[in-house]
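Below, chain A partners chain B and then partners chain C, in two separate complexes.
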Partner chain A sequence: MSSIMRESHIMKIHYLTALVAVGFVIIHIMVRVMQGFSDSLLFDNVIANYKSIPYAIVLEAMLILISVHGFNGLRIILLEIKQGRVYENAVTYGCLAAMIVLIAYGSRTIIMASMGMV
Partner chain B sequence: MEKDRKEGIRGMANPGRYGIERVAYWLMRITGLGLLAYFIGHIYETSSLLDGKAAWNSMLELTQTTEGHIFLALVIGMCVFHTGNGIRLMIAEAGFGFGKARRPDYPYTPSSLNMKNKLCIYVSIGLAALAMMYGLGVMYDV
Partner chain C sequence: MAAIFPVSSQEKHEKTKPSAKSITLRISKFNPGKDHAPTFLEFPVSYEKWTTVLDAILEVKNYHDHSIGVRYSCRQAMCGSCGMIINGKPKLACFTKISELNSNVVTVEPMNNFPLIRDLVVGFERMFSTHKRIKPYIVREDSEISSGTKEFLQSPEDVEKYIQFAGCIKCGLCNSACPTMATDSTFIGPQALAQAYRYIADNRDQGKDKRLRIIDERHGIWGCHFAGSCSQVCPKGVDPAMGIQLLRGYLLGYKK
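Entry: the complex of A and B
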């Protein structure tokens, strides 16, 4: 990633994804608390949550933002430990691949649950 | 000084030597990794929805225990500390809260490691503890 994009730009993305994700996480937690924590976790309630399109969009946005922030954070930690062109590329592309896999897996749940394919 | 250099990265990372800032450095990384691990687990946990009600309920049972509640309380604490300390770092990287630039004189105290930043770290830890208590209250319907 560092060869594709400047580190200063990556850090701006890191901070921006963090700030926006905090807002979405607050919405996500408020939804759970306002419904009553235990009741909100009942199967039918959770499915109803997914079927609400605005909430499904919030979940998808949260999935993308936290994945980008989380795996970039992991990349930064791993690059602090060791340096070198091969190692840095392996860490960067490894984190990118893991991020894409996680977003795809999470999106599958959101799309299938919101379309009633349960 | 010579000993400092010989220690290499271990000397830099020693949380007992450089005060609360180095503790915050470690906590930021540990909570970040913890939250990433939780996030991956959470995505996997919620995917059990697609296997029907029984699969969802059996997955949910894992978190409806005392250990599960303590784990979730820790996640809340990690999330709040990571957010609070992260905002402090963003503000610091933007150049705020350091005071004016001055000549480095003995004992060469770094102006970036000042009381404002230390206070923010302690406040982040305090908020994390309060959020954990609130979270436990919600989970136990207190």
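Entry: the complex of A and C
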């Protein structure tokens, strides 16, 4: 990532994703609190969340924001533990790949659930 | 660990330096080329109110063990040569009075996060090279000679922006205290970052973009976790942690 982007740009994304994710998590918690907690975990209610398009968008946004922030954080921690060109590139591109895979898999779940395929 | 102090020598020492108070000075001895592990030599040292740790080390070196490796020069916290770990904290030996330590045992060790040369002497090559990398001088096209004025004038407010950072004596205590330096062997370090801010904040300088590019890398400014220990240990009152936060302001775009 660092060879593609300047570190300050990555850190701007890192801080911004954290701030926006907090906003979405607050929305998510507030929606959950509106319903009884145990009721909100019932299978039909969970599936109903995905079928609501605005709420599915909130979940997708949370997935992307937290994945980007989390994997970049992991990259930063791993780069501090050990140094070296091969290791650093492996960590950077490994985190990027893992982030893409997680977002793709999570998006697939959200899309399938919202389309009634689950 | 060994207590090396012949009785006759101790008596002689006490005769020449009468003092009511004494401490045990523990000095780390390690020659990476010869020894397998560091050991501590212990010496009873008498002291007065004004005796510094460096005075005590030099007394041991002069009268008891000439082989102790220690780097020093000015003895007045100006040259930055005698940085070491004193009772667990990075300090200048010439600027630390034994009476202020409030301990009967004073342990001196080489600074952390620097390669050890011998005993209390560490290598400064990496710190000097990172210091050099950030261009520690005024960068601009014209000069004071070629410009219309005889000198680039600055108001007291302009000077105030960077003057505390100009107090750096390159002793390396901030780098020694930095937790990121301990884990990241390529981190640029608080000393160089504080000096980058010192020149960027100087209104005579025009090298801001070049310096920001140098520090805006994987092991640059973003490695700082803002532990603040660099500022706590600086013997000259420089606040590298604040300098780093101010530099981040430039990079994040909220400071011009």
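Everything that follows uses one rule, which is that the second predicted complex is superposed on the first by the 118 of 118 C-alpha atoms of A that agree within 3 Å, B and C clash if a C-alpha of one lies under 4 Å from a C-alpha of the other, contacts with A are read in each partner's own complex, and residues count from 1 in each chain.
Going forward, a contact is a pair of C-beta atoms (placed from the backbone, for glycine too) under 8 Å apart; a residue touches a chain by one contact, two chains touch by 3 or more.
Bear in mind the structure is a predicted one, so any value in this text is a computation, not a measurement.
A.B. asks: Give one word, clash or fit, describing how chain B and chain C relate on chain A after superposing.
C.D. replies: clash
A.B. asks: In the superposed arrangement, does A:113 touch chain B (first), chain C (second), both or neither?
C.D. replies: First partner only, chain B.
A.B. asks: Hey, is it chain B or chain C that touches more of chain A?
C.D. replies: B
A.B. asks: On the A-aligned overlay, A:12 touches which partner chain: chain B = first, chain C = second, or both, or neither?
C.D. replies: Once the two structures are laid over each other on A, A:12 reaches chain C alone.
A.B. asks: With both complexes overlaid on chain A, does A:37 touch chain B (first), chain C (second), both or neither?
C.D. replies: Touch status of A:37: first partner only.
A.B. asks: May I ask you to decide whether A:24 touches chain B, chain C, both, or neither, giving the answer as first, second, both or neither?
C.D. replies: Once the two structures are laid over each other on A, A:24 reaches no partner at all.
A.B. asks: Applying the document's definition of touch, where does A:74 land relative to chain B and chain C: first, second, both, or neither?
C.D. replies: In the superposed model, A:74 contacts chain B only, not chain C.
A.B. asks: Among 1-9, 37-45 or 127-135, indicate the stretch of chain B whose C-alpha atoms run into chain C.
C.D. replies: The segment of chain B occupying space taken by chain C is 1-9.
A.B. asks: Can you give me the overlap between the chain B contact set and the chain C contact set on chain A?
C.D. replies: Dual-contact residues (chain A): 11, 15, 81.
A.B. asks: Over in the complex, which chain B residues touch chain A? Could you list them?
C.D. replies: Result: residues 9, 29, 32-33, 35-36, 39-40, 43-44, 46-47, 49-50, 52-53, 56-57, 60, 79, 83, 86, 90, 93, 138-139, 141 of chain B touch chain A.
A.B. asks: Which residues of chain A touch chain C in their complex?
C.D. replies: 2, 6-8, 11-12, 15, 76, 79-81, 83, 88
A.B. asks: Can you tell me which positions in chain C touch chain A when the two form their complex?
C.D. replies: Touch list, chain C to chain A: 180, 183-187, 216-220, 222-223, 251-253.
A.B. asks: Given the complex with chain B, which residues does chain A contribute to the contact?
C.D. replies: Chain A reaches chain B through residues 11, 15, 18-19, 22, 25, 33, 37-38, 41, 43, 46-47, 50, 63, 66-67, 70-71, 73-74, 77, 81, 102, 105-106, 108-109, 112-113, 117-118.
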